[in-house]
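Which chain is which? They are A, B, C and D, in the order written, and residues in each are numbered from 1.
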């Protein structure tokens, strides 16, 4: 698919927000899905080669939003795309968060994990849920879009490892303190965090969905490069993060096999 | 699509010479949502073995400069499930099905080949270039005697389907292996598979691929692939399917000039699933503009005069 | 420059482990106008032979995706003119001089080595990977017995200078060749030389390189080089100079982790002559930031645990 | 060296003019020299890999000018560099045209061969020469900067193969007609043209200098990728186009060995 860049806004030294207009895409997209996006400025160059997976952070009319962190070649190039350009990407990919209605939900985001959580918060809010968002980062730079998030959550609890924003500490700490208040848990962020959140949820018998990152080549289920091991009954089975994921039941993921 | 693109390869009629490469196109259906796969000349499916194989631990892939490394570990659903669960749906699309297959032992190669010979598929592609699969300690694809043996024994049991053997580039002299395939009775050769490579994450000090080494593919390897197809063409009379770094119609012409009669598009499918279709259109235009009635007019016509 | 970068390799003290690769840095002086070559750890000069060699007809080079092909044809001024016309001026710069050399026959290898052994140079690098140079029809670099023989016979005549043997990547198993070098008495191994490749101009239908095939170098081949250095390190005890696609200090760390004690920068010199100096600075920073007293702390420390 | 882009102007569908400010460069540059220029927009990408050779087309104050034709990846990327950007290139490279004074000179340019000829015309004019420029192209699109050239030449004779601009035919035809009028000949363009010009000059016992194009990797004399074979007495010797060239005595070049 092709879309037009409406804005590619620097949020801070690491984070960018990219808004793209594409009616067809918006019609198909569901909360929790992601895209594979071309970051190269010219088709006739081959470095970087592959498209990059990014979660859908919001849908607004005929536009959708991505939030991304600059970590390497691809995201650096993406940050230089100009407003008005046509950029290419796949149709919406992967499964979705399981939508619930009128429940008390805890959402946890670690760093760039905020991307799919943003849209999820909005969706749950619209479905009459209570939405508490625990949003952790290493430093103040890792927590973005605070004003926007306040509007679509009931409580926004920010934590940073160094205390430069919000509460000093891990994002799981205030969550544990309030664990009694929730019916359902959702999380996206670094794998150790997702593992911790899942273990806390399981211990408290709460359903937990996590959105997992895995390096991807195709994003369509063809290359088998993005396997996540999941328990099904007594068996461990393989799931492709790009098709059967990126959202998984956190209680079923075999965490020891998930790459760090 | 015009007649210009029609390609007869081992007696099979492909609507065009563009085939998607094994391991990069799943069982074909994964792409059906994204492109019209019936426009493809053919699909070479992910390497099939006698039994289901779980593949390697993660991570399995990493991008490198203008290429990628993979060590999927030949994960596949096994021949039975392939025939039952994948093939019927794939067959609904009007494109040729090539089944890429392999075995852990000579017997397994033969067994899978027998089953596929009776199945509703168009052609077999035997992968002998899996570096980790050995018979009596010797890899099939890097020992000429083993290549000859597995080719002739598999060929012996086939009654219906043409046999294409896929060569490894990780050898001193690919001509020896091409010759062994031809002597063994192979109907065609496909070349090349991936180059053995490795990449290290300097922060964790670990290899990016859990298997330590992986197969290098993509535009980075194209010059090696072109050279090997050229050498193979100068060595054998059986037709060649060219593979390695192909991502434009110009690449198809290049492989054609050095002797490939059909071509496979691999890693480029990941770059953009539209690429094989763009290649078909670009090639058709090129042939029309150059007043060529068929791509076969170009096969092996590279001009080596200085 | 700090002590962190000092590198002892075969008993020679390099001020840092960054050496410019043979054939990509001329006789050193070509770059002296553009960068301060005395900042380099060393220079491996263009391959020298007994007699002057005119090289291949043009064209000799072509860019490929993230790499380049070359078939210069080992053009050089011959050992006598090198020693008389090039070396004295080069020696004025405070950097180690490695002389890359080759012969058309075993006798020529020995002859050149003898002459260089008595010359004012620091180290010899024997190139056995010229695909077009054969002794009795057998290439030195792709036949293990020939590798062993040329190494031991050359080593026998050397009294003063360490001998490093440069390996070809165009072999099925580089370990066999590394072993042959070690058995033959080589003091070190450098790896890799270029991969054999080919590219066709689809408009003229001619190869881009008059020699038809050429050597592929540059970032495209780095994963193959890293893999081969890793395999070599696991096979022999003599030190390794890593080569292939290096263009950043991160690449140096990567080659160090898989076992290289020093590294050569080749094609990257063409991309920008400043690159080897930027690499030296970047590496120094990296070592300082990671509180490493020397790059040798990292040699071969890749972590293969899953 | 680094310079700032003052303008990167599209002259027509094929040709661009790039003006770069760099005092140090301008101080060193001599007529007939060239540069190796980085065309990539980002150092961290490797495709295209090598720098590209371009002739110096003019010097003006602290600025120099390049004129280039878009033929492949590198020149396409170059055409997208923005005004105000810092671009990197080598110091001036190669030998120079032999400057003459107060002579009657014929200059021949074929297509993009105009680049070094432009500066040469200006230089000769300033040295009191009569400067006649024969400028040929395939079509009208291949002849650029006509107004500017008129100012620095005595006669400007334009030819095109299809007659879409100037005289229809080969650039050598009007030149032969006037051959008696000249003391010295200079040319840059496609190799068959340079060969023809050299042969005409030799026949008429005129000195002739040609500027040759050869694919280059280093541009500094190190890779030996750019050899031109030249007669020296009875011998044929090798010259590196990037160091001993790009300007050669047209009567000495072994034309049969020069790549087409």
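Convention: a residue touches a chain if its C-beta (ideal position, glycine included) is under 8 Å from a C-beta of that chain, and two chains touch if they have at least 3 such contacts.
In this text the structure is predicted, and so the values were computed from the model without any measurement.
Identification of common neighbours of subunit C and subunit D yields A, B.
If each chain is reduced to the centroid of its CA atoms, subunit A and subunit D end up 54 Å from each other. Once the centre of each chain is set as its mean CA position, subunit B and subunit C turn out to be 34 Å apart. Mean C-alpha position of subunit A lies 46 Å from that of subunit C.
Spacing of subunit A relative to subunit B, judged by their CA centroids, is 36 angstrom. Contact with two or more other chains is made by residues 46-48 of subunit D. For subunit C, residues that reach two or more other chains under the stated contact definition are 57, 65-67, 204, 210, 219-220. If the chains shown are joined wherever they touch, the resulting network links each chain directly to all the rest. Residues 23-26, 30-31, 33-34, 46, 54-55, 57-63, 65-68, 70, 72, 75, 204, 210, 218-220, 247, 267, 269-273 of subunit C are the ones touching subunit D in the complex. Against subunit C, the residues of subunit A that register as touching in their complex are 46-47. Note for the complex: subunit B touches subunit C at residues 57, 64-67, 69, 142, 170-173, 195-200, 202, 204-207, 210, 212-214, 216, 219-224, 226-227, 230, 245, 250, 253-254, 257-258, 301-306. Per the touch definition, subunit D reaches subunit C in the complex via residues 38, 46-51, 88, 90-91, 214-227, 238, 243, 257-260.
Subunit D contributes residues 41-42, 44-48, 73, 76-77 to its touches with subunit A in the complex.
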